[in-house]
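Common to both upcoming complexes is chain A, partnered first by chain B, then by chain C.
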Partner chain A sequence: MRKTFIFLLIFLTVFLANSVFSQNFLVEYKFDFKADEPIYNYQLLFNDSLSIWRNLGDVEKESKLWDVDAKKDYFIYKKNASQKLYDHCSLSGKIFHYEDKLNLFRWKLISKTKTIMNFKCNAATTEFRGRTYTAYYTTEIPISNGPWKFGGLSGLILEVSSDDGKYTYSAVKIIKNVKFKINNNLELGNTYLQWEDYKKEFISFHKRRAKQQKAKYGGGMSFKFRVETMEIKVEIEE
Partner chain B sequence: MLHFLLCPFISVSQTIKGTIKNEKGEKITTASVIIRDSLRAEDIREFVIARNGEYSITLQEKYERFILEITANGYTKEFVAFGSIDKEITYIRDFVLVAESEQIEQITITAKKNPFSINEDTTKFDVQGYADGTERKIEDIIKKLPGVQVNEKTGEIKYKNKSIETIKLDGDDLFGGNYSIGSRNINVDMVEQIQAIENYSDNPLLKGIENSEKVILNLKLKKGVDVSGDIDFGNGLMAGKKFARDVGSTILAVTKKYKAFGSLSYNNIGVNQTPFNYFDSYNYNSEQAKDRDFFAQKLIPEYGFSSVLDENRVNINQTLFGSYNQTFKLGKKTNVKSGLYYTSDNIQSLQEFVNNIQIANENIKISDLNDISKQPILYSGDTQIKINTSSSSLLEYKASLKQENIFTKSNLIQNDSNFFASTLRSNNFYYKQTFMFTQKISERKALQIFLNQASDKLSQTFTFTPAIFQTDTHKQENQKAFSEKNTFQSKVLLLGSNSKKQKYTFALGVNLEQNPIQSSFEGETQNGNTIILQEFQNDFVYKENKFFNELSYRFFIKKWRFTLFNTFNFLQQTLLEQSKTTIFSEPSVSLYHKLTSISSINLSYNYNRKPFTEEYFFTNAIFQSIRQRTKNTPSLEFTKSHISNLNYQINDLYNQFLLILGTNYNITEGNYFSDYNVETKTTQVRFFYLPENTKTWSSYLNIE
Partner chain C sequence: MKKMFFVVAMAFATSGVFASNQPVERNFDPSKLKKMESSPNKTITCTKTKKSPDGSEVSVTVTCNDRSSSCTMDAACKAASLALEN
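Entry: the complex of A and B
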């Protein structure tokens, strides 16, 4: 009984120590994808072992800024222990959970440098799922992470943009030593699809939708349907 | 041997590995292992992420010497210098990192926001990025925006050296040319963003066809503003125990179909929040300047308060101003916009001039003490109806009405003994109607028909007590002047463009103008009789009929833009017995070159000929002030001007730098000159025409 008690006490202390004293960061990113109202604000909450990426628009009040409610918020969860990231997406109301490798990027270091928010940044480029990206990362924050799925460099990525100019993430705020609470287990799905399977589901879902649209409006006219995300491109022409 | 053959495909590289722990001996969860050329090198050559306290890096390149750097969150950096290392040996190097001193407080670092963004023709400015907290009305922010110049007197706003057409609210035109009502009265905290839109086409049917260099500002209001208003109070005490007041209230209502802005203000501290300016003799705001051709000329000029100091805070006024602007949609096709304005003021000035002259042993003191008060009252209203008659045609009707009465009283005491009082009453009634129809003929061609009709009636009475001309017999004298202008204009315009490189227009039009002018000077005798002095009577009509053809052509080649414009005129003038017909051309040409994304150079030349306006046509004198009467020897000649301009502009928004360097060279042929005939009591000025040349050369430099 006493042994269990001491064991629990040590476990609790270590657990608390890890969640409170391991340096936690909150970085706010601006996402520009060249639409009419192009700016969305995202948040990356991270420390040595995990990170959560979510849309600030989902967070209602200032007081809940550091709390993550795994059941309600949309987020991408990166877990160092399993070297995987977990994401989910809703297609017509049905939620698909999928997992992807954490090390998705083959970076090529280039000798450009830039100062962002007083942090000296180095540059690297990569080709990822159909697009080339240039990222600026700082070794002054030596945690290998970045906005969205990006990561794998020797420091935090503060800015990354696609070379075709369509997508840009840039850090606008960095808060050190933030205390955050996670409500509910982050691994929500019962089963996780692999990325390739999820991609197939996405494409076939949109192909079905395109057929529906055509049946509704198409008639005898030629029909062009296109859906594009950062990673997937679906183009249907009939 | 076999081994040797296989070897070339096996990369013989240098490998370094080891453990990364902290001072307690614990493995560090994650760390970065970086290879640099030298200690001070900024570039990173290679790297690897170390997990669970272990790392292993195999160098891809060959180095003479390199630095191996270990960084981990919460620990100080460690690095080791390596010379050239052998290929076949794996080096083992363990690291023990020292924890950084514990920092528990939260530290926030924020990026400096770029307060603006550019998207093709629109530049968006975030209001917060330019505010420092002292601004009240949106004009205070507009002044600070890069590339924007605001004329403090008239409220005129220029963007990149071009006057703006209007200020829209969330895409709706509420104020028209009287946009200073918006800029001077809308509060800063109602506005989220200010957009400057270039190459603006007021008429959506002409987008891409019209050669437009127009610029407008669009205010994006903060979300959730449905109805908002504010009331401002400013109270104080001025010298002489007069209460200083600055009271204003505004109300703004914004819904999808209806937008309205109303303002009411009163102040006596010299601030002008109205779009009108009565401080000067005349000073047209941009809306009035457009209609200047339709206004009758004032034969007796109004009083202008000149001051050595800045106009602001020098005038003593009592300005009451009210305005109401609204725009709403009637059904799907019709949009109605209307505005009502009222202003009244009492501008006062007390001026004393003392001259001490020493001649021989005599001291002569000449003094003038002038007490003036100018009281204008203005009622004006306008309405505009736009109907989308079809998807390719637009019908517009505009009507405006103005009644302006200015009453100026002036009391002059000369040398502490002679007393002169004069009053000037000017009543002006003006109305104008415009009808405009646009039909899009094809994707790149459009036809427009314009009809304008306007009438301006001006009547002035200038009274002098005691008399200034026949001082023995008259106790009071009155100068009366009536001038009227009736205009009818019609124009048919064809516009077209060939792809995006060429744009052209062709127009045919007619302008008919009629100006009846009358004046009389009478004196009231001691017995109460009124005597009209024949030598100061005018009664005539000046007519101008013009038929014209306008042709313009604009084309782009790479970064160059050429514009050619020509007006061919047939002008008929009639004055008294004289009649004259003139046929002439007015060409103009301009060349624009974009040097870089932020700088450009512009060269232009134009030639124009203008007949003189009616105030040079009355032959019998009109008394314009206590000391001066004016008459003319009229001429139907024209003034001919050659105007050329060269300017260089840099507009760098990112670094907030604006530079305009320019030079003008103008030659004017033919102008009215004056000769002065000084008599004992008054001075007679006579204007006459001389075909003299005046050459002016000027340069200007504007840096912000």
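Entry: the complex of A and C
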């Protein structure tokens, strides 16, 4: 009886702690991928234990805004407990799952400041997989998170852009105390590739693709594939 | 005197002074004629690019360099578009 009481007490304490202290946030970012391209909208849903980053283009209905389906959506899931992030991405229709470290960035604080959406922001720069980024973060929301894979600063990143001007994420909306629903286990029991293995697979995938096209059209045509993401740049000639 | 004048005049006329601007045949290069007779190599290039919301960008450049009728701009662009889709 006493054991049951202690168990219930612990259960209630954990449950209440999660309900009261775990504040859910929703931040919408616009993603400017070169000035001449359409601007994409992304959503960051997070609390103090996990966060989900996804393209709002996949969310068709307003009612689904808080509804994440791990089996259907492409997203980046950051899990504080394991200090890892899990990327569910698509490569020409083929789904890949890989894991990466949660805090990938070595930030250098710089003296610039900016006000974004009435939040005073400080600046920091980092070099990451071939690009230099400058981020503006606010300690008024003391959560170490941000758009895409970004995080690791003492506050929420509201704006980050690559110094080559190619990529910019800017926060446009912040809503506190949202209730979001997650359908299916986010980790799905998948076997996740490690980042380096995913990178190799990514390059092999495009090499196979170039070879297939070359085989299809014969010797008369040569194919040059140039593939560039925020993290990988590769050129393949067949 | 007349004969003398005629001989001098003939020698002067045939000395090449008047013909100095006519060496076309001496500078003629037969290889140039050969190049003119054959058609130049046909190189056609077409590039198609696809951008995705995740920030990835794939460009496919198709080049063909042959003398067959299959190497056209339309064919190269069609191959580049299909390569992007597949």
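Going forward, the second predicted complex is superposed on the first by the 199 of 238 C-alpha atoms of A that agree within 3 Å, B and C clash if a C-alpha of one lies under 4 Å from a C-alpha of the other, contacts with A are read in each partner's own complex, and residues count from 1 in each chain.
Quick note on the criterion: a contact is a pair of C-beta atoms (placed from the backbone, for glycine too) under 8 Å apart; a residue touches a chain by one contact, two chains touch by 3 or more.
Quick caveat, the model's predicted, so the values are computed rather than measured.
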item	value
Chain B versus chain C as contact partner of A:48, first or second or both or neither	first
Touching partner for A:147 - first (chain B), second (chain C), both, neither	neither
First, second, both or neither for A:120, with chain B first and chain C second	first
Partner chain in contact with A:173 - chain B first, chain C second, else both or neither	first
Chain B versus chain C as contact partner of A:80, first or second or both or neither	first
Chain A positions touched by chain B in one structure and by chain C in the second	none
Residue ranges of chain B touching chain A (in the complex, touch as defined)	29-34, 42-47, 49, 51, 69, 71-74, 102-111, 113
For the chain A and chain C complex, residues of the former touching the latter	31, 33-34, 37, 40, 55, 57, 89, 92, 166-167, 206, 209-210, 212-213, 217, 220-230
Touch list for chain C against partner chain A, complex	51, 53-66, 68, 70-71, 76, 79, 82-83, 86
Residue ranges of chain A in contact with chain B within the complex	21-23, 47-49, 80, 109, 111, 113, 116-118, 120, 122, 139, 141-144, 152-155, 170-178
